[in-house]
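What follows is subunit A paired twice: with subunit B in the first complex and subunit C in the second.
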Partner chain A sequence: MQEVIQERFKISPFLVIYMVLSMQIGIGVLGFQRIIAEDAGHDAWISVLVAGASLHIIMWMIYKINESVNGDIVTAHEFIAGKWVGKILSSIFIAYFLLLALTVVRTYVEVIQVWMFTDINLWWFSVCFFLICIYIIYGGFRTVVGISFFSFVFHIYLYPIFFFNLQYAQWNHLTPIFENSIKDILLGSFHMSLTFIGFEVILFFYPFIKEPQKSKKWAHFGLFLTTIGNTILMIISIVYFSKDQLAKSIWPTLTMWKIVKLPFVERFEYIGIGTWSLVILPNVCITIWIASRLLKRIINIKQKHGVIYIVIAMSIAINFIDTREKVSLLNDYTGLAGFGVTFIYIPLLFIILMIMKKVKKK
Partner chain B sequence: MKNIFLVFLSLFLLAGCVQERIIDEINIEVGSAFDAIDEENFTGAFLIQDYLPDKSIKDIVYQSTASLRRDLMMNIQKQSSKEIFNGGLLITIFGNKLADTGIIDFVDTYQREPSIGARNYLATSSGSAIDIIRGEYGPQGTSNYLFNLIEHNIQRRDVPRTNLHIFLRDYYKKGKDPYLPELTKKGENELEISGISVFKEDREAYVIPQNKMFFFKLMVDKHSQGSFRVHIGKNRDADVESISSKYRLKLVGKSKEGANHVSIHIKIRGMIKEFTGKRLDQKEVNKIEKKLQKIVERECLKLLKTFQEKGVDPVGFGYLHRSKIRGFNVDNWEKDYPNLTFDVKCNVTIVETGVIE
Partner chain C sequence: MKNWIKKTIGNKDSSQKDWEKVLEKSKDFSRVYYNNQKNNMRFCITSISTLVDEKVIQEEALPRLLEDEWNTIQDIKKVLPITDMEISTDPAKIEKKLLNGYFMLTIDHHEETFAFVSAQKQVGRSVSPPEIEFSVIGPKEAFVESLSQNINLIRKRLPIKELIVEEFTLGSLSKTQVAMIYIDNITNEENIETVRQRLSQIEFDAITDSSYIVQLISDNSNSPFPQLLDTERPDRIAGILAEGKLAIVVDGSPHVLIGPTTLIEFFSSFEDYFLNYFLSSFFRLIRFFAVLFSFLITPIYVAVLTYHYELVPRDLIGTLITSRRPVPLPPILEALFLELTIELLREAGARLPTKVGQTIGIVGGIVIGTASVEAGLTSNVLLIFVALAALASFTTPVYKMGNTIRLLRFPFLFFAQLWGLLGIVICFSILFTHLLRLTSLGRPFLAPIYPPRVRDLKDSFIRLPFRFQSQRPVFLNTKNPTRFSKEKASKKKDIDE
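The block that comes next holds the complex of A and B.
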């Protein structure tokens, strides 16, 4: 049932950190602050911290699931539900990852449309983008991981830029700490899910990791880094904007770049948005790779063919999301789906799997 | 071979996908001014720079009337030979009447438009704003002149730090009122910063006169290179320069119903650069320090009382309450503000007295 992955297709355990980082840093980072602050006010950074901390438990469960069946989620599904039901369960995830890729590309095109080129053609841009993705995925899983490493290295220079905003910091925006109720703060944590989802990809490429035991600490370290990064970004946004102003900005991260002036560039957001295409590239590549891998595992078609089918489906689907309202709706649904998968489905799978293991042993 | 063909094909397909903006073929709006005509209509002027071959700048002003800022843009596009883009905006001036009736509609456009940066300056004028933008202020161009005028007064003199972002931040902050520098035309081609307009919501409610700007900046911003003249007696004047200052607001008493007390601590460090008198010894220096302390304490308190009378809160006492008192409701602040009491404590240190004794 479980195919054996050849050693030459596998990746070193430390590379898992780049997979986690590039999946978690996506389109959500450009605009999560407003949604969290709507619930938790000036305590929103606590929400981010709480959400981040809870991810470590889920990550622990993901590794437990993989270890107990020594394979990916498809193996786990077949173990608990048998061959056919297992396959149906797994195929739901094809839709989930297509939704993720679609959301990322569509939201990014919207950012370009609003901030840079109003008349950029949605379809042409997405098709070109998908063509690059096909090219990368044809290079194999190791190339996909390589791209996520590169994208991390290439966009890391954007983060020190936020210190420009600290010149305008009003630290009394943060006090009094814990003024908002715990319920509001947790609601903020819930809305944080769109930004934080993505790390569950480990469930799918686990068999590709050499010595997976060693990759655990890297996966957790990756989660830790994004949590700290997002918390700092949230704090900077709170001290930079006043509350009602933040509630009005759809992309606070981009609005924050508007104040930056460097000797060689008058307005930084154009550079930031351009660089962001490198950030979403591995994001889309990984999701399409997983969707095509699932196709291969479930209905046994060649992965190279699967990728083409997926891209064709997405190129058609993306045309239907043409207004700001629909993009926003798409984001909401994806966030909800992500929350469902990460915080409900994975723990459920974990519990069922553990019980089944116990029963079968007896 | 097939791959190379594909690369070339995509080059041709992708080129010209979006609208191009060649710098020689567009007009960049660098400044604008708005004056109210009546309740509904206003006159607006856009300043555009034309770069002449000898590297000098020619200012062109397009003017039109409208009732919406978008309409104005459309009317003015009809006058311009090239399309106007507003990405290079440096300064916007609001005329006296317009500032009295509210400016947020204009500022809201700026916030909505992604091409407008957050660093550009807003200012009010004591007369007509369009007169100011039509003036000739030298070869650097009007917008550069106005921008630099405000910038150097922020960095080295008595204008507290301001720009589009700060104005919007304070406007949307409950318990703090925004402020902008006010420009006044002195002669045909002369201009000065004549005060600070303090807004109540988006309406100008009070103008801090020029000679009080120093004290206002002490309470809302840091001085980095200010200067102030202290008169200590007959024929004895001292010019305290390179003033750097810090301020701290402390809330005494934390009742939710208001009637609290705020004490303001101001720390000033400066140098004496000019002195007219007999001898500048330590005793004299101490005298100057004491005198400056007294002036600052008296004038700041006076200014705060005026703010209270006018019902404006540019220092942000309401926000101070919100940030220090758990569960404080800023919406009732207007009622509590008149009952607030203050004291100002100032500490002056003169660090240097120049190169001679």
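The block that comes next holds the complex of A and C.
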């Protein structure tokens, strides 16, 4: 079924770049370096580059899917599989996005527990966080995009801080290039998936964009920026840390902030972690928004009520993930799910859609 | 049929006597009978003596009425020199006209027809310098309480035929005249329609000030942020009307409302346009930083000293510890105590007459401050911060926004105590969400920051010179976005040409 969104709820095409950027910059950025360097060694930056480049193909497919049915993914599912099977397919995504939101919040609280407040109460903090998300989502899609815009604008001051680390850089860590095999590099790209997933949300809010043709270039530009950003971050981590050090630090980005020396503040990572809560806020908001919107489109629950149900479910679920191993497991599963959706499901959907279009035309 | 006629005649009589009965209870209701000297006709002048100007009656109306020859009410038009005159037979108008300062003229034995002649007494202060938005350079005229005087001040500055003044009468008891002013070929139709619809749907009994109108037509009356700007300066109104906004003037209030407005406008004083663009940009930026400082510094102090004392550089921490050593209270209680003291001082100072108020302010500030440091209740570092923050919150040119900033500090303090720096960031995101959701007359409150309109940034945080201001603000969707022709304004010339 097509849905018609009124003009006053739509966003201008330029703002799509902020959605893509804010979804991709989440908690993965804090600790992805170790996992990739495990497989690809000091050629890990090539893995990042390869992963990023392949995303542009996926983005192209996403836009093609949306354009061919002129709607979001629920419409696409209905087109290829009929009403009921289409609805079942879309419901899988509700679980996917809930898993994503849960991972982001739990990992962030773990970061706070390790780095800032060791005895922060998980439940109270996550409930407060979800309440803010409810307030944002009740303001409509425009407010959600506004929050992603602001989160991007307010945290970019963190990136020039990495210049402090370049003072201690040992550029010979990068050589010799291509020492590791292609297989290792590709394995590294596979592990990169948790950091890079998120941009597929365009599939779900496509009807909310005014003049979607114009937003294509912005979405690709956003992907390009994150690819370059992550590659540079990886390079900085490789030249700064030694091989064994990198293998042992769980959050290399945060460790790199520890050596920052500013005249008015001593421990910069507190400021960084505080700002990072602003970075993950749009992640959680967008995923809950999409999940509640899917509920509305599939089962016809009002989005206002759907949000409340989702938040209650997540507040209960988050209490069960209390140890480091469970958090790590959650991250792994989410990464696998993300890889499955992004690199397997979307191309499959694209191919089936193209075939069905040709068949239905006849 | 007979019964029906009797009933209507009876009703007419009783209705006439009804209004007479109610009005006669007031001492200032006067009814004087005169005899015309030429044809000995008895006529009566009814008026409310506190509302009419006696001079007009005595010097202009009465001599002519007594000496000139006239027989019916219609002749009055030739006799009296006053132009605002109305002849009517409708008894419903009596109340409205009498209570607006008109006097009623009736001829004996022909009391169904009456004439209303205008003789309003002009009471009110004359145009004086603005109190809140005082500017060192620039015009020093401010609005007064009379509606016609205010519209006169605005029309003088924009003498074009497209300046439309639409009037509404609001308030069942106060019957306040409210005027909506806009420029016809510039302002967006949607904005005009929104204001017109909202004003005409107001249901209230006594509207005595423009701030009542603000609260009745605001998009979100639960928000502490004002969504309509108010100003006392006619030159500011002329400026914003030229941009494409609307002005709402309320009779009896020297503050005129402006809509739709944005958050940035609350930090711009009209004096910025009188100074050089470089200086005014600098002052605007200082104002922004002052506001940020004002509501962030005390929560940061509380957060850093309660949870993150490792953040403070090694040299500064010595000073902080020495100042906090004698204090038995945790930082949050110290901060709350000082903040509440300053609020008390401010509230008390606002109610006292000027002479006593100034003394109490100085005494209170200095004595209480010094005494509390010596007693060990607060640290002197915190005292400096709180005093500076209080000072900084006064830099906002609009009084309403200054009050909001005062209030904002307390949620931040609460969150700082809960989760330290993280709490401050979280409170900040709540604040931003609130501002994102706010609309002013349907237009986003945070334009031009969000939705990002780069062209409008030329007059927000900084003010670019006038030669760059050739386009009207984009977020207003004006019908005619060009202010002046840019090519004509700046011709390109080469060196020595």
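Definition applied: the second predicted complex is superposed on the first by the 362 of 362 C-alpha atoms of A that agree within 3 Å, B and C clash if a C-alpha of one lies under 4 Å from a C-alpha of the other, contacts with A are read in each partner's own complex, and residues count from 1 in each chain.
We take it that contacts are C-beta pairs under 8 Å (C-beta built on N, C-alpha and C of every residue); 3 or more make two chains touch, one makes a residue touch a chain.
Owing to the predicted nature of the structure, the values given are computational and were not obtained by experimental measurement.
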First (subunit B), second (subunit C), both or neither touched by A:C128: both
Which of subunit B and subunit C A:S277 touches, first, second, both or neither: second
Partner chain(s) touched by A:I236 [first = subunit B, second = subunit C, both, neither]: neither
First (subunit B), second (subunit C), both or neither touched by A:W115: first
First (subunit B), second (subunit C), both or neither touched by A:M19: neither
Touched partner set for A:T175, first subunit B, second subunit C, both or neither: first
Which of subunit B and subunit C A:M314 touches, first, second, both or neither: neither
Partner chain(s) touched by A:E266 [first = subunit B, second = subunit C, both, neither]: both
First, second, both or neither for A:A101, with subunit B first and subunit C second: neither
Where subunit A meets both subunit C and subunit B, residue numbers: 117, 120, 125, 128, 266-267
Interface residues, subunit A side, partner subunit C - complex: 11-12, 14-15, 112, 116-117, 120, 125, 128-129, 132, 135-136, 139-140, 142-143, 146-147, 149-150, 263-267, 270-271, 273-275, 277-278, 281
Subunit A-touching residues of subunit C, taken from the complex the two chains share: 307-308, 310-314, 419-422, 424-426, 428-430, 432-434, 436-437, 446, 450-452
For the subunit A and subunit B complex, residues of the former touching the latter: 114-115, 117-121, 124-125, 128, 168, 170, 172-173, 175-176, 179, 240-245, 248, 254-255, 258-259, 261, 266-267, 269
Partner subunit A, residues of subunit B touching it in the complex: 10, 13-14, 17-19, 87-88, 111, 114, 117-119, 165-166, 168-170, 172-174, 319-320, 323-327
